[in-house]
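Dropping the structures in below, format is structure tokens.
Next come two complexes built around chain A: one with chain B, the other with chain C.
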Partner chain A sequence: MLTRINVGPIHPSTHGVLRLVVTLDGDTIVDVEPHIGFLHRGVEKLAENRMYMQSESYMEKLDYAAPMAYSDLYVAAVEEAMGIHIKERAKYVRVILLEFQRIASHLLWLSAFCNDLGQMFTMFTWAMKDRDLILNLLQDVTGSRMFYVNMRLGGVSIDLPQNFEEHANKLLDYLEKRFKEYERFLEKNPVFIERTKDVGILKREDAIALGVTGPVLRASGVNFDVRKDYPYYVYEKLHFIPQVQTKGDSFARYKVRMQEMKESIKLIRDALKLMPEGDALGMPIKLISPPVKEKEVIVRRELPRGEGMIFMVTDKQRPYRLAIRAPSFINLSALRYIARGARFADLFSILGSLDPVMADVDR
Partner chain B sequence: MKIEREELIERLRELSNSGYNYLVKITAVDYIDHLEVIYFIRNMQNKKEEHVRLDLKDGESLPTVIEIYKSADYYERELSEMFGIAIEGREVKRLLLEKWDGLEAPLRKSFPWGSDYKSG
Partner chain C sequence: MLIDNFGKLIVEIISIFILILFFDYTFGWLERKSIAKAQFRHGPTYVGKFGILQNLADIVKLLAKENIIPKNADKLIFSAVPPLLLALFIFLIYLLPFSNSLGIELSVGLLAVFVLLSFAPLLIFLAGAASGNKFSLIGAQRSVIMSLAYEVPLILSVAAVALYAGSFNIANIVNSQARIPFIVLMPIGFVVFFIAMLAELERPPFDLREADSELIAGWLVDVGAPYYAIALFVDYTRMFLGSLLISLLFLGGWLGPYLPGLVWLLIKAFAVAIVIVIIRATTVRMRLDRLMRFGWFWLLPLAVLNIILTFMLFVK
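Now for the complex of A and B:
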């Protein structure tokens, strides 16, 4: 006999307002239907009715775990539309801040994920505390802890402070030590292993067919990273390896993110060494000349959750059409295929390992 | 690549057989006199992308491509909700993102906006 269980929309393990209607046969999942849209604000429509740079702060709210990554995606699209040259130092500043943002986002994920697994509080407090140190650093640079709005056309709003390099290196050394500790703690932990290994397996072909992206795709053995395959800024000059796992289970998805944080540390160190002196400031908002011609722009960025893409048709003052490809949206749509056949208790291990941010899903 | 509506399935099948196996996004643009629908498709081997475009007149429907690309599921539902395009060959029971009745296709240019908008 089949049973139907409702989960959410307000539930600690759904990472926001997500409702799941789960059909069960005994303890085995037959089907999961995600009900989304509780956070839908119509950002694409809003952007059509605002001047180009007025929308930047809207875009940050799309992903509250990594706001800077989204504002960078949007500003990059506007830059491309207007044909604005980005200053060399600004490229490095952006890469450094974005990689810090990626680590912060993955740490937030790790703490929430371990909470979902019943790995209560130790990992949660550790990861949250270390994320806080990164937020402190970003606050030193931008003056804000959550929504930075520090991307400007052609550069950033505020250059790095004088003692940034020293602070950043100190923090990176500390994080490197901590990540080793995390791994020792988690990968020898029977609860964590039991609840992630061989849970929610997504095979390579299925991952491609379902269109999943980012760490979820790489955990299934597909070597695709926008930073490598469609390089932007200065990623070509920096040394890093996209992290790929073959197994495709929850543990592989954890491992990819863990390794990615370590790669980000390498990236930041590299970028700090190579960063040239000079000016990184972007244009003041009043001096922006709008694109006159109607044209189409496609911009891709590797957001912490996967590949973000903006397709924009430009008009004189404001975007004629702005389409956002949100990584969480498509990752969440794969949930019902991955969860089929799993045990009910494993649903949150699977959902958590997909790392959806509901604001990003609903837009 | 610009194609006709009738040859959509055939062309997408050809593409997917020749290695273009990853659907990045389906989206549309409302040009008032017609709608342009765009399928972003990628070859995961050599990372090349193909953009399949087609024009739709008002009231015309689209065939579903879910047989070829499983990931089209949510994109098609989003498309039919946001632009009011009917999708042939699949039954969509429930709205995905919008939770309000009465007003349809918010991403159309004709959708009331700002002071034109009246609730209820």
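Now for the complex of A and C:
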């Protein structure tokens, strides 16, 4: 006999306002039907009615776990459209801040994932505490904790403060130590291994067919990272290895993110060493009315959740049409395929391992 | 004779009830504080010194709220079960001796406790099934299936204890640990008993019935605030029962130097409770099918091995 259960939109572990209609046969999941759209704000339409740089703060709200990555994506699209040259130091500053943002986002994911597995709030508070240190650092740079709005055309709005390098290195050393502790804490726990290994397997072919990106794709054995394959800013000068796992289960996705945080630490260290002196400030928002060069632009960036893409048809002062490829949305669509046949208890850990942000899904 | 003992009986009943309240309250505070310590938080600080009155404030708040019984629920069963569960656990504590002078001595105390204890999953099943909510129903089903996994090893590890002591009388069992506590004599049995007890107490990693992240609160999803207060009381009383049983059967109960017996027993019970809380802070929840596998493939053979070892080494 099949049972249908409605999970969410108010449920403690649906990562926001996701509604799932689950069909169960005993304890086994027959089908999961995600219902989305509770957080739809029409950001793409809103951007059509605003001048180019007014939309930046809207873009940040798309992914509240990693806002800076999205504002960078949008600003990069505008820069591409206007043919603006980015200052050399600004490229490094952006890479450093974005990688910090990536670590912060993955830490938030880790905390939520352990909650989904039923380890109520221990790992949550540990990871959140470390994330907070990163937020403090970003606050030192940009002046705000959550929505930074720090990217400007051709550069950033505020350059790194004077003692940033020292602070950043100290924080990176600390984080490196903490990540080792996390790995020991989680991977030596047989119950954690049991709950994540061989759970929610996404095969390589399916991953490619479904179009998932980011850590989810790399956990399925596809070596694709926009930072490596279509390098932007200074990523080609910096040394890092895209993290790939072959298994495609929850544990592989955990492992990819864990290793990625370590790679980000390496990246930041490299970038701090190579960063040139000079000016990193971009154009002030008010002074922008440069002619638009391109008619249509498309940019891609590796966001913490996967590949973000913006397709923009330009007009004189504002975009004529803007389309966003949200990584969470496409990653979430894989849930239906990988949750089939799993146990009901594993549904939320599988969902958590995909790392959806509902604001990003619904746009 | 009954009249002679009546006064003593009343005193014992009242003093044990005060003990239960004392443990429940202190443990409630201690759990919140120590969990907070593990998680870089402060825990309750505002109400009273070190937040010691926080639980009292919570209980007052919960009891002052309206009791809502869901429309789909079977009203009688739904409203009868939580108080019944509470009564069951309090009654079970009354069956235990607290020292040579406090508490009753039943010749079949051990049997009585574990027979009655196996009613708890059934009552939880009733409560969950009667609430008319699918999440509760899943929690209720898990409750019954879970008990299949841990009841047998639990009883078997207790059987080894009774075998060694040669008695079902808990006071005799404690007194036969005068030289060496059973945790040293049968470490395997202790581990099995402890793990099975964790499942019995619904403590992580076996808190499948109320799995917060999947089932919201399992069989407690639909209960109103006053019943939730009762459920908290049940939880802490069950904790008292569990830690008392562990310390009576394996840690030498009230035996210990210098301090009076009751104090030793409470110290041991609190120590066991804190260990259980630390386990809660560190481990991920187990899955039902894995728990079954664990129960039948690990706990059961270990419990049998323990009985065989006990029989061969100690029983002549």
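Quick note on the criterion: the second predicted complex is superposed on the first by the 358 of 363 C-alpha atoms of A that agree within 3 Å, B and C clash if a C-alpha of one lies under 4 Å from a C-alpha of the other, contacts with A are read in each partner's own complex, and residues count from 1 in each chain.
The rule we apply is simple: a residue touches a chain if its C-beta (ideal position, glycine included) is under 8 Å from a C-beta of that chain, and two chains touch if they have at least 3 such contacts.
Only a predicted model underlies this, so the values are computations on that prediction, with no experimental measurement involved.
Q: Kindly say whether there is room for both chain B and chain C on chain A in the superposition, answering fit or clash.
A: Once chain A is superposed (C-alpha atoms), there is room for both chain B and chain C without a clash.
Q: Between chain B (first) and chain C (second), which, if any, makes contact with A:Arg343: first, second, both or neither?
A: A:Arg343 sits against chain C, while chain B stays out of touch.
Q: Scan A:Asn115 for contacts with chain B and chain C and give back first, second, both or neither.
A: In the superposition, A:Asn115 contacts chain C only.
Q: Could you look at A:Tyr174 and tell me whether it touches chain B, chain C, both or neither (first, second, both, neither)?
A: Neither partner.
Q: After lining up the shared chain so the two structures overlap, which partner does A:Gly211 touch, if you call chain B first and chain C second: first, second, both or neither?
A: First partner only.
Q: In the superposition described above, what is the shortest C-alpha distance between chain B and chain C in Å? Please give a whole number.
A: Between chain B and chain C, the minimum C-alpha distance equals 24 Å.
Q: Quick one: which bits of chain A touch chain C in the complex? Just the residue numbers, please.
A: Touch list, chain A to chain C: 3, 5, 11-13, 27, 114-122, 124-126, 129, 185, 189, 191-192, 194-195, 343-348.
Q: Where on chain A is chain B touching in the complex?
A: So the residues of chain A touching chain B come out as 35-38, 40, 42, 44-45, 49, 208-212, 222, 224, 229-230, 307, 309, 311, 313, 320-321, 323, 325, 329-330, 333-334, 337, 362-363.
Q: Okay, in this complex, where on chain C does chain A touch?
A: For this pair, the touching residues of chain C are 35, 38-41, 134-135, 138, 204-205, 207-208, 211-214, 216, 280-290.
Q: Across the complex, what residues on chain B touch chain A?
A: 21-25, 27, 29-30, 38, 40, 44, 47, 69-71, 73-74, 82, 94-99, 106-107, 111, 113-114
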